[in-house]
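Below is the structure I would like to discuss, written out as structure tokens.
Here the chain labels run A, B, C and D in written order, and each chain numbers its own residues starting at 1.
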Amino acid sequence: MTAIIEAQGVSKWFGEVVAVNNLNLSIESRITGLLGPNGAGKSTLIKLALGLYAPSRGEIRVFGSRPRNNNAVMRRIGYCPETDYFFENTTGYEFVYWLNRYWGMSRRDARRAAEAACELTRMTERMHDPITAYSKGMRQRIKIAQALASSPELLFLDEPMNGLDPRGRDEMYALIQALADAGMAVVVSSHILYEIERITDNIVLMYRGTLLAQGQLHDIRGLIDRHPHAIRVESRQSCAISKDFLDLPDVTRLEFEENALVIRTREPNACYALLNDMARKNEGLIEGITCSDDNLQSVFDYLTR
Amino acid sequence: MPIYTNTYRQYDGQPRHRFRWLVVVEQELKTLAKFRVFKLLCLAAFLHIIVRLLQIVAYDVLAQDPNNPLQLIFANLDVVEIKASTFFGFLYLQTSVMFIILLYSGAGMICNDVRNNLMEIYFSKPLTWVDYALGKIMTLVLLGLSITALPGVLLVGLHNLLLPGMETLQASWWWPLSIMAYSLLIVIPAALCILACSAQLPSQNYATITIIMALVADSSLAGLLAGLLRQRNFLGVSFPLALRRIGEVLFKDTRVLFTLSWHWCLLFVVAVTLFALFIVLRKVRREEIAQ
Amino acid sequence: MTAVIELTDLCVSYRDMRALDGVTLSFGKGATGLLGPNGAGKSTLIKTLLGFVRAESGAIRVFDLEMPARAIDVRHRLGYMPEREISSPKVSAVSFLTYCGRIFGMSRVDALERAHEVLNYVKLGDSRYRNMETYSTGMLQRVKLAQAILHDPKLLLFDEPTNGLDPDGRIEILNLIQDIAERPGVSVIVSSHLLPDVQHVCSQVVMIDKGRVVQSGDIQALTPRHDNHFEIRFRDNDAACVAALRAAGHRCERLHPGNTWLVQCAGADGVRTIFETAARCSTQVRHLQPARHSLESVFLQAVGKD
Amino acid sequence: MNANETMLEKGMRTVDLDSPQDGNRHMTLPDWLLQGRQPAYRGYFAVLQASCGHALQTLLRRRRLALAALVAFLPVLIPIALSFLSSSRFAESGNVVFVRLAEDLYVNVFTPLMALFFAGMLVAEDIEMRTMTYILTRPASRSAWVFGRFLAFMTVASLILICSCALTFAASTLHADLSLTRTTDLTLLIHYFGVIVLALLAYGAFSVFLGAFTKRPIVYGVILLYGWQYVATLVPGLVDFFTIKKYTDALLPLMATQRNVTEIHTALGTFTREVFLVSAGKAVVALLLITAVSLGATIIAVLRREYAADRAAGG
């Protein structure tokens, strides 16, 4: 797959505040999750890719050319910003319609595309109401509608799940998945891990303006496999279990909690094997096995620490 | 060794309820002081005060001293002479600077709080809408007075210090009163009108342009009516000139622009002021309680 | 124990839209979650409690005070963290909080001292001296939380407190709220559409949809453990394991995303069968946890969707 | 996160096994969203049209427009009132009434006012309301966008002023010495139309530039257009060449030529000041130049500035 977005040594600072620092990155044409805590520089990166900001240093290329004030690039991009701002006194339909016109569509195309986009986001019923009367979910959908109306090749969604209720989020997941299946490249930024986990395992991790890691989620997990794991075993007989683990060479630490045992190990495989053995032999001995170190959260925690 | 928990303590102080608007005033002034343009505008107002100060010194010290070589020049210059209308002139010139300063600081005062979603926070505290509105109004009023009435009265005081004697006092005892009255007359309507616009319009820029629009339209209308009807009393339609008319009476100025009774002018000014006050209060009340 | 808030048959309308429709509720001490989709009426309820929105009919009593009439007295003992993003150009967090304290009625010294204290508490570091316009969403959220607890109120209303926060920030804010809720004599109402948030902080929950209360009660009671339901993750070879389990009559469903499976063991068989199956397929069980009804499913049931 | 939280509690959902993909509710996309189905891109002119159309719609929907129109149409009443009030006492010359209104009010007061009122917020509004990000992410030529907005402003502002001016002219014919049918009078009217339009161009473009360049275009506009222009005409020397009023004055048919020497009353006394006149041709060139330079600067500002960076209002 070819890289759609390529950043080489991109830095961006506002006054004395560094938003993005020396970023080298290439994003390919599928769903990419842009992940990082607040203030990590996700929005700045998106705005750099959109050409809303000029990089203070370095170069960012989208579809092979610089995006800033570049209409050829903009024609292929859709953007759904994080903030909730709209033209004053407009209805949802008009909002999409005028943005279509600004896109350079003819009146007829703009009208048709606006209607189609509203239908896609299931806004047809309410599209002639003023935006001020919309709920958070509807505002989000109308923002998506304006981004999709020109059927872009690359779609940026800045925190699209923010403030949506579970149903709204489900719809958003489905839409993003469907768009990606249709061949659209989607860049989704989020700070909530399981949201990204739910759509893609192709992630870009950012922290304090720097790139922490990029790649498949399990690649990144493999990267940190040497990092000690903490396996939590729930059992009423944690003392009995612990004895066997004392003999394992790579166990670094055993912690006892109420009805639970936490095993810290450098060799998770052997521990799991032992646990599985025990469980097979004694029904009811082990009530639960959880490892807080094998999800995205832990990847993130590990890398940012 | 005692271990202290890292949490916030229980608050057991007794909240005070009086003069809560003063807190609003204080905060607004502190914030304004951080704007460079605001400081520049204040500097402009200050420069004018300095000029007047020099004028008083020139007249009271140099022009009275027969041994001074400059005495002849200053004694014969009409403009330098300190009389009641000198302070009228000072306030009249200061009005435009005051207005610009109030416009700069007041146009965003209410609408920015609304836009930045701060109203909910303020009103979730036991702050009444009266306190809030009063705080905003008083900020502008105090700001305005501090560059009109305050220096005016101080300058009169200085004049009396430099030229001590019964004569000066007799001539000038009513000056501070006039200065106070006129300053209040120019500051309060300006402050309220600006805040009314700020309350009614979505952003400070719209507030500014609306008030300018109203002012310009009003003034030019008055000028044209007066010019074309050959009846100078129509100048009273202009808000600034109506104020000026009252000022002429207050300072017993002889250079009368038009002869319309000052009662009408005062009525006009008071009506506009009350209308603006009504708008400000209504809006702030609605911010506290929707519907 | 008396209820802190009592609502009787509360109706609120915005023009022609009915936002709250006959809500009868009472909130006691401790933390209560207010759960519902966007536009369900959560914010309206909170604003009605604050006196920002006037009720069409019904009675509100907060701290045994008649609400719209005694609003000022109620606000003395109440803290509110609004949903909408705030900003205050050219003002630092310390200055803003001092201001909030002073409009509450504290003396200057008290306000400044408490401002620093609560900023420490919400862990807003040295950036407290910076202008608030340079703050990130998370920092602004902390400022909002700080101003709500500044005057040590007995009733706290949090409207979507974790909106727009990253995981760490979210946990921190939730932990802070939990900590606040555990202070003696404090009642906390947390409105959220994020179910894990409510689960994290609250013991009680009230579910609202379309302006009506659809479900309320104890969270533990609402989310019982499934019998013989387990969340399982294998090291690898999922397909074979699942096929084998299904062949043995167990129900397997995949949890999205990732490779976690919800397994319902048939009959009296316990976990052991699962481990045995895994061993037969030469893999390991790496994750095992008794499944619990999520608040989400309870909610969806209550609302009657899906 | 709480270690005991189950996956279900974290918000994960079970999925239907029959679903082909990883389980999100399946969604079929309409044809137009598929690749290569982008609508036709109409380019520069379409954007200009859109920008103009949108700005017109926004302007026309505002209550502000009514306020501006109300103010602009007030002068129409003056000649009418005049004819009722004073015809018995003294005969007004309709010509003088109209010329005074046109010069003192329309050209010198209303054009800068309308410029600030409408043009000052043309670009500033999108920056302030933070809708600029939407526009800047369209493949829209920035110059087309600015020109479109400016065109909308010119249409609305000149329509208001020209209609109002024409009505004032008609009302002035109630007096003697001015007629709706006489060619010289009509030429005069058309002359004023021209001056108004040219003044609007220059003032408008300058205001647009202020809006794109500063956060408080109106305050600066008031200081410059009313404060500075007034001061510059008082100060002896050539500083008044740096005002727009100088050139609009030069275009006025009657009064301007009589004003090569002005008396200035100041606190220090009255003195005379020689005014260097500009020829009408040069004035037109100067006004057009101001327009072009201001619009150019606006476009450069839009191209170069990063409007998406602003967070708080009123900073």
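In the analysis below, a residue touches a chain if its C-beta (ideal position, glycine included) is under 8 Å from a C-beta of that chain, and two chains touch if they have at least 3 such contacts.
What you are looking at is a predicted structure, and each value in this text was computed from that prediction instead of being measured.
**Student:** Identify the chain pair joined by the greatest number of C-beta pairs in contact.
**Tutor:** Per chain pair, the contact count peaks at A-D.
**Student:** Among the chains, which one keeps its Cα centre farthest from the Cα centre of chain D?
**Tutor:** Relative to chain D, the chain with the farthest C-alpha centre is C.
**Student:** Roughly how far is chain A from chain B, centre to centre by C-alpha average, rounded to an integer in Å?
**Tutor:** So the centre of chain A lies 54 Å away from the centre of chain B.
**Student:** Quick check: how many Å separate the C-alpha centres of chain B and chain C?
**Tutor:** 49
**Student:** Roughly how far is chain A from chain C, centre to centre by C-alpha average, rounded to an integer in Å?
**Tutor:** Between these chains, centre-to-centre, one finds 22 Å.
**Student:** Could you list the positions in chain A whose residues touch two or more of the other chains?
**Tutor:** 88, 166, 194, 198, 290, 297
**Student:** Which chain D residues touch at least two other chains?
**Tutor:** Each of 1, 10-13, 22, 24, 129, 312-314 in chain D touches at least two other chains.
**Student:** Would you pick out the residues of chain C that each touch at least 2 other chains?
**Tutor:** 87-90, 134, 167, 195, 256-258, 289-290, 296
**Student:** Going by the contact rule set out above, which residues of chain B touch chain C in the complex?
**Tutor:** Chain B residues touching chain C: 6-11, 13, 15-17, 20, 23-24, 26-27, 30-31, 34-35, 112, 116-118, 120-128, 131, 288-291.
**Student:** Inside the complex, what are the residues of chain D that reach chain B?
**Tutor:** 64, 67-68, 71, 74-75, 78-79, 81-82, 85-86, 90, 92, 97, 100-101, 104-105, 109, 113, 116-117, 120-121, 124, 128-129, 216-219, 222-223, 226-227, 267-269, 312-314
**Student:** Hey, which residues of chain B end up touching chain D in the complex?
**Tutor:** Interface residues on the chain B side: 37, 79, 89, 93, 96, 100, 103-104, 107-108, 112, 115-116, 203-206, 208-210, 212-214, 216-217, 220-221, 223-225, 227-230.
**Student:** Per the contact definition, I'd like the list of chain C residues that touch chain A in the complex.
**Tutor:** Touching chain A from chain C are residues 36-39, 134, 136-139, 160, 163-170, 193, 195, 235, 256-258, 270-272, 275-276, 278-279, 284-290, 296, 299-300, 305.
**Student:** Which positions of chain A touch chain D when the two form their complex?
**Tutor:** Chain A reaches chain D through residues 14, 47, 50-54, 69, 71-77, 79, 81, 83, 85-89, 98-106, 109-110, 113, 116, 119-120, 146, 148, 150-153, 166, 170-171, 173-175, 177-179, 181-184, 194, 198, 232, 290, 292, 297.
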